[in-house]
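In the two complexes that follow, subunit A is the common piece, with subunit B as its partner first and subunit C second.
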Partner chain A sequence: MRSRRFPIVQRRAAAALALFVAAMLALPFFVNGYIVSVLVVVLFAAYFGQAWNIVTGFAGQLSLGHALYVGLGAYISAALFTHYGVPPWIGMLAGVVIAALVGGIIAALSFRFRVGGVYFALLTIAFAEFTRILFDHFNWVGAASGLFLPVSSLARTDVLLLRGSPVMFYYLLLGLTLGALALCHDLLRRRIGYYWQAIREDEEAAQALGIDVFRYKVAAMALSAAMTSVGGAFLAFYENNLYPDTVFAVGRSIEIITAPIIGGLGTLFGPILGAVVLTTLGEAMTSLSSGFTVNGLKQWCYGAALLLIVALQPAGLWPWLRARLGLGAVRR
Partner chain B sequence: MSAPPLLEVCGLAKRFRGLQAVDGVSFAVPKGGIVALIGPNGAGKTTTFNLIAGVFAPDIGRVVLDGTDITGLRADQACRAGIGRTFQVVKPFGALTVLENVMVGAFKATADRTAARHAALAILDRLGLADKAGTVAKSLTLPDRKKLETARALATRPKILLLDEVMSGLRPTEIDAMVRTFADLSREMGLAILLTEHVMRAVMALSHHIVVLHHGQKICEGTPEQVSRDPRVLECYLGSAATAAAGSG
Partner chain C sequence: MLYLNIIIAGLLTGAVYGLMALGLSVIFGVIRIVNFAHGEMMVVGMYAAYLIAVNTGLDPVAALPLVTAGLFLLGYALQRGLINRYIARPEHEQFLLLLAIATIITASLLMGFGPDARSVPLDYAYDSFQLGPLLLDKVRVLAAVGAVLGVVALWGFFRLTRTGKAIRACADNQVGAQVVGLDIKRLYAVTFGLGAACVGAAGCLMLLLIDVQPYIATDYTLLAFIIVILGGLGSMPGALLGGALVGVTEALSGFAVDPSLKSAFSFALLILVLLVRPQGLLGRA
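And then the complex of A and B:
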């Protein structure tokens, strides 16, 4: 029974994915510039959520400081470009290496001294905050007054230098998000994916099965940090200005984790679904509350909606939706 | 007794704060042998297991597996050296299916997913868990969780399997079936087994050799018949009155 049902489910999932990709590819042709800019926000949230999901959703190590890697990726590629004219794709690679190192070192320091759980989470916040304050006084990157990229005409599209319209960024981010989806899908089917999930579920049992828990946790953090920094580089070239107080903000770290939690922690499609739902919700609240003059109404509604989702679907929206669509094996 | 034993434990000792949990314990498990570690609650059985499996390092003493000193190795290193162990308080990977749980163990021998899957399915079949392969581990009954512990440990292809009370909670017929499975595994694969168990029915049927611990010390060892007649064993299990009664009667 079970073995015969699998191929059908897989075919249905593949069809649903193809439909989703086709819709996302076509979307910019049918919507106005405002909607495209909202979609870019969706994709940033989806991609950062996917990257964070690897260390926390797959490997079970709660990071609350992922803004650190967004910032490293953003500042490294932007500073190399403004100071030396290094193309962003090269700067991005430098960012990847440094973010992976920083993430790996933070993880190695914590796990070597058996700092885990909430204490690890606090440590990740602390490192992000240190770095924010460091960059506030780092004159080479403009310190607190910010780093600005030369803005050229939006009409000219130069993919190599990441100069162009929101539509260009939309397609680049769509590619990045789908690439991350493919990578995560592949990782979960490999030994490393099984090991990460085993560590998440029970570290002691995982270790008794021969898993070098320390090494796999550090690897999860380094990969997650590296992926996050790529998104950070795109963010820098999309927004064209960087301030330590916004790039490294604790608020950004919290924003990054909301989409995957709402969508389904540890699932493949959860971060993407969560990003769509949250951003749509936020935009809807903005347009709804614009008719009223009650301060904070938007935030209040947004918070209430989040509470409702978490209360009704604590495992996230994607596991629920997947079952509705008949896209996943039913797990008893 | 001429061949060197597979597992040799020499003068193992471990102190927790004021408590001497294990105090100079020595014993050996031959290749393919089944040895039981018994004793009242708090005798130091699980601590001995943890010392062998690398959960913590002993204060004194040595653990030698197949000629290699594995004293003080981490749990994952001990596993790679050939020690497979189960936990008395079961630790399933709750969100994963039974098959995925066992595959995690099978990945020790291969990085290939299909190979790990086949190895895991064979073990599930062997332990009578095949029909639960797709079930999420957290929804298993306790007896099935105990079987899953064993299946996962077996999947790492250990030289010696450390079973920490895997029979408790099973019905007598299930106990007999498990005893048969372990006896077969040991005979066919030359697998050595070290077990602690409160279910005497299983201990007596399965073990070739029994080591009795009391207050962290070995008080006696021998065949099941020898141990069950030993006055020191009767005393620590039943109290001195029972020994006196047995002596006079």
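And then the complex of A and C:
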């Protein structure tokens, strides 16, 4: 219903996307360092949200433990770099392979034993928390006292070693996010994407149609985990220090999933919009509440905003905004 | 004998865990909503008991009925005013709603009390009973007795009162319950109130054992999840069994291996049970 019957809508969507990309490319030239660092946070949230959106938004399996794959990607690339001098791009590949394996194994174990719904969600938290505590005691990566990357060469930009300014990370992450957007767009129009959506809407019916439900759910999880680990590797080289209690935190898993839910679960642009809205909101709260010395004011407003969004636009902001902009029909 | 002492201490703590998790189990068993704000509600109970203790000198155990009643009202109001509207919604919307509630609770506690750990000074904090070769901490015994009484009271409510029976009818067959004319919305609100009351009572008892701080809430939400899944979501005896298992596992691994690894063992236990018996030890298939 999208493609041939609404060519105007599609052309407008393409124009809007081009405008968005152009604006994002030009932005670092017009803003100060603080804004760039905020934008990097936005892009991290957008990319992680897109990766998570595949397993939960497309395939309908609620994962609440995606910090696990962020952590695996971050720790594997950073540890290989600090211990053996392996370039981050190679370490990232190792992280992708391991994260995909771990995600695939967790999914296979769960779905083989018919663990679904809430139980699956809690199982993903359990694996993430278990790994966090293991890394707290894993001396090779610095255990609870943290793993640090050498920061002596931060002044010059070296894309091959991922050493450089926030602006370099901004463009790398922008590329990553747009790449993920293109990939998701493509996946949704392939057989696998339609299978995922069929499984999300009605798993039994999908099975009755002959879809290998188990295989496609495991594939969704493995792909989502692999993509998340790539973001994790960038996070490691951007922040230069890793602690299990922050990298693998439950709080990070929750952050990863709030942006796509706020933006619109299962939509292509929802994770990006959600990341923009939530990060802006968080930063606005921080600067507003810095005038007061009240503990918890920022979190309180953040919670209230979440409550407001889930009360007014439970399907997410993007479906609503898309209809307002005339970029597509309202679905759901 | 040292190990027996540790196992007993774990069992006593586990009884309080069981009471806390029972609230989560009751809420899920009837309303089919996962209360992601469960630990947060317990911390509200702990601060309420702390406030009462500081202002009136009343022991947390003596303040328990009052705090429990307060939490019941809070739970009832939350369900009536907010959560009821989300019962038929997709899981991720319910999750976001409860996440927002949890965030607001923690932030409100931070605004009210600050991030520092608080505790109630008890003159019997270091007393213990000698029972043959066993040495039992008085606070743990008191907390466990309170927890068991709480569980018995809830069990009695569900078995003996009309409202309790009506709630069980809702849990068994929601449509059937509506057909015979039960007021589902009110019963759900009572159920959420009861779940909150459980966790409020558990909060008073936990205050005997640990300090209170706004940020401990998430850990206890997770702990409650582990316990109810071990025992079986929706199963009352299961929550107690899960509480006892986790209490003993934590106590033993904290003593024999490393205190900071104790929750790793609980999570490992959870993963094992989920993979071997996904419905939990006492859950129905």
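The rule is short, and it goes like this: the second predicted complex is superposed on the first by the 322 of 332 C-alpha atoms of A that agree within 3 Å, B and C clash if a C-alpha of one lies under 4 Å from a C-alpha of the other, contacts with A are read in each partner's own complex, and residues count from 1 in each chain.
We take it that contacts are C-beta pairs under 8 Å (C-beta built on N, C-alpha and C of every residue); 3 or more make two chains touch, one makes a residue touch a chain.
Because the structure is a prediction, the values reported are computed rather than measured.
Does subunit C touch more residues of subunit A than subunit B does, or is it the other way round?
Of the two chains, more subunit A residues are contacted by C.
After lining up the shared chain so the two structures overlap, which partner does A:Arg324 touch, if you call subunit B first and subunit C second: first, second, both or neither?
After superposition on chain A, A:Arg324 lies in contact with neither partner.
In the superposed arrangement, which partner chain does A:Ile254 touch: subunit B (first), subunit C (second), both, or neither?
second
So, does A:Tyr195 touch the first partner subunit B, the second partner subunit C, both, or neither?
first
Check whether A:Ala206 is in contact with subunit B, with subunit C, with both or with neither, and answer first, second, both or neither.
first
First (subunit B), second (subunit C), both or neither: which does A:Tyr119 touch?
Touch status of A:Tyr119: second partner only.
Per the contact definition, I'd like the list of subunit A residues that touch subunit C in the complex.
So the residues of subunit A touching subunit C come out as 56, 62, 109-110, 113-115, 117-119, 121-123, 125-127, 129-130, 133-134, 136-137, 144, 250-251, 254, 257-258, 261-262, 265, 294-300, 302-304, 306-307, 309-310, 314.
Show which residues of subunit C lie in contact with subunit A when the two form their complex.
Contacts found on subunit C: 28, 34, 89, 91-93, 95-97, 99-104, 106-111, 114-115, 214, 218, 222, 225-226, 229, 233, 258, 260-261, 263-264, 267-268, 270-271, 274-276, 278.
Would you mind writing out the residues of subunit A in touch with subunit B in their complex?
2, 189-191, 194-195, 197-198, 200-202, 204-213, 266, 329, 331-332
Along subunit B, where are the residues that touch subunit A in the complex?
Going by the criterion above, the answer is residues 53, 55, 74-76, 79-80, 85, 87, 91-97, 100, 103-105, 107-108, 111, 113, 116, 133-136, 139, 152-153, 155-156.
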